[in-house]
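Following this line, the structures themselves.
Same chain, two partners: chain A is paired with chain B first, then with chain C.
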Partner chain A sequence: MKRVMKLVGWHWHFVRFPFALLCGIYGVQQILLLLLSASNTDKIGVKLADLFMNCGQFPLFFFVLYLVLLVSASANQNRGRSHTTYTLYTMPFSRMVLPVAQMFLCLALLVIFAAWQVLLYAAAFVPVSMLSAGTMAGVVSGNIPTGNLLDEINANPLFQLLLPVRLGSWLWLVGFFLLLSVQSACVAVCHGFRRIAAMFAAMITAGVGAGALYLRYLIATDHTEESGVFLLLAFLLAAAILPLILNLVSAAWALYRSETL
Partner chain B sequence: MRHANKHPGLGLAIFAVAAVAVFGAGILARLTGLHRMQTTLVEETGDRNTLQGFTISGYTRFQAENTLTHFTLQNGRLTGETIPEQVRMPENAQLPSIFNDDLNIITVAPEEREAVNRQASFGGNTATSYAKNFWIMREINLPDNTSLRLHIANKTADTPVEVVSYPNARSGMDWSASNDYLPETYPTWADEIRVQWNDNWMIGLNKESVLYQPGIWRVTESLTEEEVEALPLDGAVQYADGTINVLCKSTEYGKAELFYVPQNLDTILECDTLGEYLGILYRDTKGDIRFDLVDENAVCVQQALISEGTGTEISHSQTNTQQPDQLCYILGLQQGTVWRVILLQMNDAGQLECINLPGDLLQDGRQLPGTTVIQRSADGQYVLFVGREESQLQLTRLFQEEETTSYPIGYRMNVYDLNTQTVVYSGLLDTGADRIWGSYVDSPDFIYYGLAGELLSLSRDCYTVFPQQAQEG
Partner chain C sequence: MKWNKLARPYRACLGTLAAGVALLLCGQACLYMAYPRQAVTLQLKTGNDKELEGFTLEGSWGQTASAAMEFTLSDGVLNQHPNLQSKQEDALSLMDQSLLCVPDEELASMDQQAEGGYVSGMYGAFFLHTSYEGMKYTAQARRLNQMYTLNTLDGSNRSVRFGLGQVQLPQAVTVTAELYKNGRARASYPYLMNAAELENADLGIREVTILDAEDPVGLYVSPGNGENGGIYLVREFCTAEEVAKVVPDVTVQGVAVPSENQPYGTVEAVCPLDAGESLIPCDNWGDARIEDGHWILTRQETGKINLLLLDKEWKPVGKCPLNISMNEYQSVTVLPSLRTDEIAFTVVDQSTTGQIVVLRINQNTIEAQSIMDFLATSAPIAAGYSADGTRLMTVTESRQSLMATLPAEVSGYYNGGAELPSDLSVLSSAVTGWDIQVYNTQDLQRPTLSACLDFGVSQRWRQELWLSGIYGGERRISLYRVTAAWEQAGEATA
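Presenting the complex of A and B:
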């Protein structure tokens, strides 16, 4: 475990700048789009949660989660700077340490990115509300109700998924993050053309997995008993797990041949 | 070697711990927010103790939040809970379905069907023909998703009337009169008078029904959609070169038996349960409005005279009381210029009490609202009026005329003292509707496809349902 953690630390060292850049760009575009929407006189009375959805940040968040997965996997492409290069040859420990470390690294990055989104949203509330109120003042007069951040967090479907209040939803969220982390580890250990194939398979898992996560949430809230939606959920889950199985086989083959070295 | 390289993962560990802390704070924020969504009583004036004798409850559904809240007002105390990750209202608190109306179908009489088929002509997806003899069919759609179809009257037109059939539309496959010919007494949508009583659906038929005697009928058989689909196709429609077999619109299905006919009946207005009895509000041939209380043997056990000789033009509606032993009607006499609110209650002695309530009493410049719930307190001294309250907004847009819009902010609850005839308490039940006022801004270009786009939208609707009976969560 100590070796795993050491490797996680080293690989974090390699990806921290690309990861920070990704978080930064994501944050800037989000704040800019929210402020632009808030200053629009045709959107008076529209609150932060609605603006967030209008700007397409909900699907974009899941796309950037996939980019985080790739950034995490890129740690192993380090032109020989990683300790892995000699440890796997010379050290008496299993080569499984590498994918396990990559999985933990990706999990940590996903959690940090999700927390960054929560912080961004909270930080955007005050400036967006003030801008909205300013835009509104020229158009509407009367007793205008003011919103609050807590309502906006609860109304936003992204935070209903990221900050669940029921155990079942928690388990699904953890499962989704683990799925992405394992895919990231698979991408990390594959080389050459199979790496590109692995990235593609990971994209399918990320996209379809996000869909399954949201669909499961809607099914749970609606208490539906229609067989059609359950079939769709089963299909989405199968479509998310099949690429994972392919990638696991591919990664096992790569490890066996020590491709990563 | 630099310090950072000795502990390369230190930064990651710090960030990860911070991220977990952010998650914790986020969960706390969500739980606090969910708790705050609960219904509250605000803007209170008067004596709150007068709420003691009432029991009301309701559910609010928050669409975007995927959350329900439930409140109960009992013994003067407002309690409530938030049910997160739940959007389905309980069975007994559903919104009334608006597409479940009763229909009058004006269809070709069976004996004329052959002649109609012979004269049929076609254009596009429509077959047209002419007929003189019609059967008026009443299709009654019950709230349990079953239906029955009764042949209530015949009608003969003076001159041949156009009939149409749409072979591609399942509901329009058989001949029926085109919309140009709709007899005044048989509009497409019929008044629905129905109530579930002792496990049976009771329906009311009025005098436009000729073949079924006007009165209260008990439904003994009603079919589900699948059962209707499975009925044998008993007729044919000539269409282009071929014929299509259809279930004739003139075919009856489902059964009903006559249960009770009020004396000197002119028009049945409402039909509801009161305690263990069936209550029927009707106008008799003298123009009086009466209320009959009927037991399971179809015997009228008590009758009340509600209003004498009111003429023919009246409007009427039933108001929820949330109590099984109370019924409330709002009657608009002489085309809505005079309003009367009548509350009927079974007292402990089994006697029917009929209380006239003021329909237009003003207190602090406010009208007594009561279209949502009206309830008499347990001791009989007070009456609670619950009604939606709205707030006004003035909109002044550039290059546009000033417009006023309003949005719901909750429910006004007024307690009225029957002895002193005054409002002794007033409070606003804040069920949370004010969070979505933006959607009430009526503007043609409210949805904007601009630089920031409109990729996904969110429905922040929120509505409250008061079930038929008050209940604890």
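Presenting the complex of A and C:
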């Protein structure tokens, strides 16, 4: 375990700048889009949660999660600077350490990115509401009520997913992150053309997995009992897990041939 | 590269991760702590809070479709708890049809006098459309069978059909038969007409009202056609396959079509009404419950109003005459009762005042009765006696108004593109709580206690209401409601 954690630390060192850059660009575009929407007179009275959804930040968040997965996997593409590149040759180091460390690294990055999104949203609340109220005051005169952050968090489906209050929702969120992390580990150990194929399979898992996570949220909130919806959920889950199985086989083959090294 | 022990990369990683996890946990804690558990407050305006003893008022403040804050005001003590799982209604979704059909033995004579015409058309969209063609025959008939069909819309394709007697009309009406060629794309049917087309009530056509859509389905059939009204229960629905087996084919213009005169399924008469007695239609039927049963109001030809107490199976267990007068223009609304042995309803007409009637039932007889006048602008939403029956509580909605002025150019944008000549004033009212009044049953003029349950309406909801003014939409959100006593009892047993 100590070796795994050491490797996670080293690989974190390699990816911290690309990851910070990704978080930064995501944050800047989100704040900019929210402020631009809030200053739009066509959107008077639309609150932060709806502005967030209207700006397309909900699907974008899941797309950036996929980018986080790739950034995490890129740690192993380090042109010989990685600790592993020589230790795996020279030390009595199990090959399984590499994918396990990659999985933990990706899990950590995903959690940090989710926290970053919560922070961004909370930080955007005050300026966006002020700007929105100012825009409305320029157009409408009257008793204009203001909202509060808790209402905005409650009204935003993304935060219903990221800040679950029930055990079932927690398990789904952790399961989704684990799915992405395992895919990231597979992408990290594959090499050459198969790495591109693994990235593509990981994209399917990320997209369909996010769809399944959201569908499960809709099922839980709407208390639906229609069998068709559950069938769709089962189909989405199968579509998310199948590419994972393919990638696991591919990664096992890559590890066996030590082609990563 | 030499690393300082403190600056080793995994420490930075662990530190950032810890910060991230801490932030997410903070979010959780914030959601937990900021949850509006004390959103509802009780404010005493006049009177002593001892007056609230013996009353239990339960309600819910819905925040979304599924999440609600439930609160109970019991003996003057307010308790609240969130309920994130809303209850599922297990009511069937039903579609009914009342048809007047030509008796099977007269179809041949109809065929002779019928005038035929070619019918064709198509339905569906784009390349998925289906065309149909066939013949449509019209004829004149005076003697018709009234048949009532009830279909379930839950996908199980079940139905029940029963006859409501034969109608002899004073003058002939036009009946229509439609016969189609290409299979079951459109169902063919023999000569019939929809009973709803004959609006005149004097023809003896009986009306059917669905009293209870839960299984077993309860139906009220109005008197008419020489027969008394009554309540019927649907005991058995038939599936489409069973219907195809039971219903014989009849021949219309040489084409075999399923008969419309064949009853199927099982319907049981559980509560026949007396001659000249009819049910008084009420709004909000679902709350007309008492103990484990139901209740209905009936009117006799003499104008006398009766309260009919029924058991779970809608069988009558008691009948009590009420000394209130009611005319046909008044509408009755059932209120959710605060106790399982109480009945409350309001009677309003076009005027500005209405009456609320509260009854306490004991051993299937009326133990106490109160009738109170109210202004139509503040109609009670619930009422009931205290446990000892000495005091009466009424609950009304208290409202607040939100006002704004919208410039003409903006309102034009929001109101479907129609430019308005001047600025638009928007006034929208929101229910912000309930007003509670307690009266001594000996003196229903002056309340002995006046209090307010304030919901502290969330700003977001105010905004939504206010925007509904801008958008011109008729959005009515019933976020607050009284939980009837029978629902609470059901919860306890479930």
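Convention: the second predicted complex is superposed on the first by the 261 of 261 C-alpha atoms of A that agree within 3 Å, B and C clash if a C-alpha of one lies under 4 Å from a C-alpha of the other, contacts with A are read in each partner's own complex, and residues count from 1 in each chain.
Quick note on the criterion: contacts are C-beta pairs under 8 Å (C-beta built on N, C-alpha and C of every residue); 3 or more make two chains touch, one makes a residue touch a chain.
Keep in mind that this is a model prediction, so the values were computed, not measured.
On the superposed chain A, the two partners chain B and chain C do not both fit; they clash. Of the two partner chains placed around the shared chain by superposition, chain B is the only one that A:Cys55 touches, whereas chain C remains out of contact. Contacts of A:Met5 after superposition: both chain B and chain C are touched.
By the document's definition of touching, both partners, chain B and chain C, reach A:Leu163. Between chain B and chain C, B contacts the larger number of chain A residues. Contact with neither chain B nor chain C is seen for A:Arg194 once the two complexes are overlaid on the shared chain. In the superposition on chain A, A:Arg216 contacts neither chain B nor chain C.
The intersection of chain A residues touching chain B with those touching chain C, taken from the two complexes, comprises 5-6, 8-10, 12-13, 16, 41-42, 44-45, 47, 105, 108, 111-112, 114-116, 118-119, 139-145, 147, 150-151, 153-155, 159, 162-163, 165-166, 221-223.
Contacts from chain A toward chain B in the complex involve residues 5-6, 8-10, 12-13, 16, 33, 36-37, 40-47, 49-51, 53-56, 58-59, 105, 108, 111-112, 114-116, 118-119, 139-145, 147, 149-151, 153-157, 159-160, 162-166, 169, 217, 220-223. Taken together, the chain A residues at the contact with chain C in this complex read 5-6, 8-10, 12-13, 16, 41-42, 44-45, 47, 105, 108, 111-116, 118-119, 139-148, 150-151, 153-155, 159, 162-163, 165-166, 221-223, 225.
Contacts from chain C toward chain A in the complex involve residues 8-14, 16-17, 19-24, 27-28, 30-32, 34-35, 63-66, 84-86, 88, 402-407, 410, 413, 426, 458-460, 462-463, 466-467, 470. Within the complex formed with chain A, the chain B residues making contact are 4-5, 7-12, 15-16, 18-20, 22-23, 25-27, 29-34, 36-37, 62, 64-67, 84-88, 391-398, 409, 434-435, 437-441, 443, 445-448, 450-458, 460.
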